[in-house]
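As written, the chains take the letters A, B, C, D and E, and residue 1 is the first residue of each chain.
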Amino acid sequence: MDSILEFIVGRYNYWLYILLMMIGLYAMISKNNLTKKIVGMNIFQTAIILFYISIGFKKGGTIPILEHTSHAVEVSHFVNPLPHVLMLTAIVVSVSTFGVALALAIMIYREHGTLEEDEILKCLEQ
Amino acid sequence: MRYLYLLLVVLSASVLFYATLDFPQWGDPNSPASLHVSPVYLQRSLEDTSVPNVVTSVLADYRGYDTMFETTVIFTAGLACFVLLRVFAPKMKDTYYRHIQSGVVLHIKGQTTLLDGSRDFERIDSRWVPADIILKTISRFLIPFIQLFALYVVAHGHHSPGGGFQGGVILGASIILLSISFDLRTGLEKIHERGLGLFSATGVFIYTGIGALCLILGKEFLNYGVLSKILPVDPVMARSLGIFGVEVGVAITVMAVMVSIYNYVSSEGRLDEGL
Amino acid sequence: MSGTMTYHFSVILVTFGLLLSFITYAMTWIKRSLCLPFAVLSIGFLSYCSFSLFILVIERGPFEYYLGGWPPPIGIAYYIDELNAFLSLLVYLVALINLLCNRERFLEKQGDRIGGTMALYILFITGLNGILLTADLFNLYVLLEIASLTGYALLAIGDKRQAPFASLNYVFLGTIGACFYLLGVGYLYIKTGSLNMQDVSRLITQIPKSPTILSGFIFILIGIWIKMGLFPFHIWLPRAYTNTFGPISSLIAPLGTKVMAYVIFRVILFVFGKEFSFEIYSLGHVATLFGVAAILYGAITALRQTDLRRMLCFVVITEIGYIVAGLGVGNINAIRGSLLHLLNDVAMTFCLFLSADHLIVNTGTKIEELKGVFQKTPFGSSIYVLASLSVIGIPPSPGFFGKWYLLQGSLEAQNFWVFGAILLSSLLNTVLFFRTFEEGYYHHTESPSYGPKKTSLSAYGGILASGLLVVLMGLLAHPIVGHIVDPFLLRARLP
Amino acid sequence: MGWQIDLLILLMVISCAIAAVEVKDLLATAILFGAYSFLMCLLWAVMGAVDVAFTEASVGAGVSTVFFVGAIYHTRRRTKD
Amino acid sequence: MNEIYSIRPLWVVLISLCAVPLIISTKRPNLRETWTILAGVLKLALVLSMLPDVLSGSSFSFNILTLFPGLPFRLRVDPMGLIFALVASFLWIVTSLYSIGYMRGLKEHSQSRYYAFFAIALSSTMGIAFAANLLTLYIFYEILSLSTFPLVTHHQDQEAKASGRKYLVYLLGTSIGLVLPSMIYLYMRFNGLDFRFGGFVPAGGANLPLNIACLLLVFGFAKVAIMPLHSWLPAAMVAPTPVSALLHAVAVVKAGAFSVVRTILFVFGEGFLEGSWARPTILFFASATVLIGSLVALYQRELKRLLAFSTIAQLSYIVLGAAMLTEHGVKGGILQLAMHAFGKITLFLGAGAIFVATGKKLVDQLEGLGRTMPFTFGAFFVGALSIIGIPPMGGFLAKWELLLGSCQSQYMGIMGVLLASSLLNVAYFIPLVYRAFFPSFPVEGKIREAPLFCLLPMLATALFTILLFFFPYPFAQLISGLWSQLLGG
């Protein structure tokens, strides 16, 4: 019985990250307002960042800043730094995409006067 | 249509869930990810680059190439906002001048240049809302400290969490605070659009320039060890100085880009009065 | 010194690309009139570099380059072989010819923002180039983002009503694609712990039957297929490429999807390994299904289009269908055919979009507005005819050779779905293009009152150069296969 | 004790995300989105990713909320769905 | 039988291509026409220069570039190719002269485009004649159908649009749809498509896919206009007459016939075809075309459509000859390829001359024109006799060989088909000519003879049809050489 509990405790984080990703993805696909889609996009990206960070986490590991000590570094004491580097890039990428998407939304609003997708599609048809 | 989307989302969720069955335990120290490459970073970071913060050393040295492209991404975002939103054509627009002592507002139609001479007129925006005096004084008081903290974050990236990006953003945020609390025009007076453009280009130029410098000195691209040929330090210190130089480049670009994106987004490219 | 110098050549291409684009943007704040000439010069210099890199690789064979001096699993590595060097040469040639051909129109459209646009232009090519040359999965993601970010911004330049909305749709789908790719890389990372392609493929063979690797494989494929515009995920492509500014569509249409198609080959053949992805994950059936669906859908919908450039977008979707169907068939001839088709398709699509754009400038975007265009601009239309004949697959043109290998491969593998789809789509393409020829050819007015719009000499030069590129690719088909495609397949240990 | 805090923050993050997507008024979305980013940064700090948390706090919670409010200012505040 | 490696065959193909830029660039019409004729004369001279060597049994070959492994883009001159090249290049000169008179007579528009595409069509015909393997032949075949499209639709009116569409659907559709798959299948099985005497497909005709490939190839080359795929030819009559004269009597349709004969003799060969069920089907369809073609020609009201259906019938003679696989049958088929060209081109030139002089197109409008246009109708009569196969004309030799061949082969039915079609030929040609010379009602109106430029080429070709009967010098020797190689090879 405890193996199932232990299995769940070991993985509930990943399942919640998946739930978060799906919220973002669903918002991005089904929302009618373009700004809402942009928010959904950002949630989707941050959820993936969360997934990467949790790959690097070690129980009992502290932040990866070393002191100038004599003896060799005990690896399991420190959290895995590589996902952190990757996710610094991913955060910057998500902010840049966020900025560009907002700029496009403003251009659309300047032209169509609305940010609701169905209204825009209607006046694009004529 | 909504159910189709829901179906798609549930389908991808199930594939994701199917994958997690084979995942290592959450936070288990000897998961494959933390046994293959990351121990090398942890062990060799100190003696290679004498930078205690392993994240910064991996960020700027081992995988410095990624960070260069990351800075290019943020530079591209600034570029995109400039190209998409910036409107150069000066629209003939009404201007408003307020007589400071009496509070009388002059409304001049279609004339864009500033009313010359007298100091007792101040230009105000069409949807003029008197900036709250409390907000103005507090922000005027706070901004220097924020900038100081930002520079600390950039400089102290080696030893404590922080570095180019965080410092640059905070620096940018201080200038954005100025533009919000006063108005965009005062923000533009402090750092004009031309300065922002040049700063964003020079920041990324510094980063790529250091890499190209290593190339010219014979070693691979972004291999800071070779900087010891021109700097009076041993290769390990040269690496740490290289990392610092790169961080400064990143900070400059990020600051300039964040401010310019704010300027374009908040004024729809007209750079007149912001929020 | 010269030994190491040539060894460093690979990274010079990307580095100078970045440096020059930063200077081009800085030029707007220093001396605005210098932006365009500087951009043209820098792309010329970059094409020269990529040409000499290509010659270097042909002479000395493929080589690896460690960024920052760190060997692969620790640092990031570049891997340059004949195929991606040739493809990067094509990327630069297309960019150079496109810029030379449409210089005035860029200046007239962008005015003071030309510096920013040119910087985006150069960054787009550098991003594509990085995608081709890199051997690190995460670095591929970052370069993917640069290429698509510049793509979103460039595609938004165009007619005010349609382009931003189309570009925003492209942003959403492109971000979903990129994030799926990132997720896939994350899944591989969690099981193998490394990001370098060779390292990951070595480790994957030790853990064959793991659901994580399978779903990583699925997500990477879906992510790239969205960026490639393969059939079910192509929704963004027609709207994005039709409503944008002419010269930009003739830059992005040939390059965007083809570079992503190359990434599919790189990931499947070098990261997951051919026997791994075909036997265990039965990629063959999935790829054939999607490929055939893309071919038929593209060919049939193209017939229904009234707008010329929108019709060409569906032709692009059909071409992508060929490439994926060839990959799906799986035997050596079919993959050789789809790789050759990928290379030829860059030249063909570029020439097609460039000459179609020239026709659209003179007449109008609708197909029936093309009346009498053959008489009005005989030169531009003859290049358009040359390009469309090559897309149909008339023998001496490059399209024919790609189709020949694909047909032969699918016949050997008894895969009659792909065989029939390719033949049927060639016939539909014939009807498609001859419909436009009829419009242009038949409405002959006795006294041609209007000459072509003031197209400058460099525009004609550009179109002629793209036509020559297509003819050259046709004549050189055999050496291309011999020296560029086959070594790539040999290294992928194909049977 | 550690995983209870972690679970709690995670649940708050998810509720913030759902609220941010469902609420009709965009300014409320902006605020919720800022809160979402800040909680996310808290979660990362708990997981030892201090650098990333710092960046997310400054970039995610700080600047992107400002951009978002700036964009809403120039477009419309009410949304239909 | 040694192989001379020389660039001459490539020069023959390239000459008219080099003339194209010159034609387009020169503004003055006279200079432009001289370029065309000069190119024609040069081409004929080069082809004749190759005649003695080919007669002595050797063959020229030239490797331009390799397209696929084991499949070069290669030209090779052999007796059969040379016959077709001789006929086409000689008649190009004749037709160029004729089209000067015709186009100027009717003041047609955009003549430089007309001459340019004419030159491209001829260079691709030469390419087909000298192709060394099936792929090179296919490449030139495609260029031929594309370059003749603007010629067929020269008038650019609604009618031209409809017939142009049909022309392309048939020719491009069948070549991409039928020929390409079978060619790929053959390349896949024998990884090489080079023509070899007696065919490179091994004996034993029971193999189903190979039979299907043979049928696909024969029906794929739709230019030979075998019955189900023939209706593009009458539709192409909307073209100006010199186009239908050279192309739809000599170059285009003969290219189709030539390719079919190549596939029958040089790809599959009699070893395979003897036992295969593909051969009887080809024979059946060819004889059906001959009979139905001649029958339909009877009821045609328009002169050019009548000639078109007679061409369809005559072409199937060639296919019948080749499919008989007997010595005389093959000789007759190839001879028919040459003789029919001269006969039919005279008829078409005559029809064009009538149209230029009187503007009349329909058959029953020709009442009594013989009186005022004696030369035109004299040449027309000579051409008609050659088509029917009356002794003094060249056509008789071909029909004679075909009849002998059909006796040799075990299919006696073919002799009946040939005789019946000759009778039908008589039925639709002779009354036409008779009514022209002895009209039932007096013809009023002053009708002059056709312009000199139209008359001379027509009389020349008529003269040649007669000469070829007495001195079939180049063709007879070439064919006898060919047959000995077929058997020996």
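One rule holds for everything that comes next: contacts are C-beta pairs under 8 Å (C-beta built on N, C-alpha and C of every residue); 3 or more make two chains touch, one makes a residue touch a chain.
Keep in mind that this is a model prediction, so the values were computed, not measured.
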Enumerate, in label order, the chains that touch chain A and chain E alike. C
Please state whether A-C or A-D has more C-beta contact pairs across its interface. A-D
Identify the chain whose mean C-alpha position lies nearest to the mean of all protein C-alpha atoms shown. C
Computing the C-alpha centre of each chain, which chain sits at the greatest distance from chain C? E
Using C-alpha centroids, which chain lies at the maximum separation from chain A? E
Just the number, please: Cα centre separation of chain B and chain C in whole Å. 32
Measuring centre to centre with CA averages, how many angstrom lie between chain B and chain D? 19
Chain C to chain D: how many Å between their CA centres? 37
Residues touching two or more other chains, restricted to chain E: which are they? none
Which residue numbers or ranges of chain A touch two or more of the other chains? 9, 12-13, 19, 21, 25, 54-59, 61, 63-64, 83-84, 86, 88-89, 92-93, 95-97, 99-100, 102, 104-107
Chain B: positions in contact with at least two other chains: 16, 20, 23, 31, 33-34, 37-38, 41, 53, 55, 59, 63, 66, 69-70, 73, 76-77, 80, 84, 161, 165, 261, 265, 268
Quick one: which chain pairs are touching? A-B, A-C, A-D, B-C, B-D, C-E
Chain E residues touching chain C in their complex are 65-69, 109-110, 135, 138-139, 142-143, 146, 150, 153, 156, 160-161, 164-165, 168-169, 172-173, 176-177, 180-181, 184-185, 187-188
Complex contact set, residues of chain A against chain C: 21, 25, 28, 34, 37, 41, 44-45, 48, 51-52, 55, 83, 86, 89-90, 93, 96-97, 100-101, 104-105, 107-108, 111-112, 120, 124
Residue numbers of chain C touching chain E in their complex, please. 389, 392-396, 401, 404, 407-408, 411-412, 419, 423, 426-427, 430-431, 434, 438, 441-442, 444, 446, 475, 477-478
Please give the residue numbers of chain B that touch chain A in the complex, ascending. 1-2, 5-6, 8-10, 12-13, 16-17, 20, 23, 25-31, 33-34, 37-39, 41-43, 45-46, 52-55, 58-59, 63, 66-67, 69-70, 73-74, 76-78, 80-81, 84-85, 159-161, 165, 261, 264-265, 268
Chain B-touching residues of chain A, taken from the complex the two chains share: 9-15, 18-19, 21-22, 25-26, 29-30, 54-61, 63-68, 72-73, 75-76, 78, 80-86, 88-89, 92-93, 95-97, 99-100, 102-104, 106-107, 110
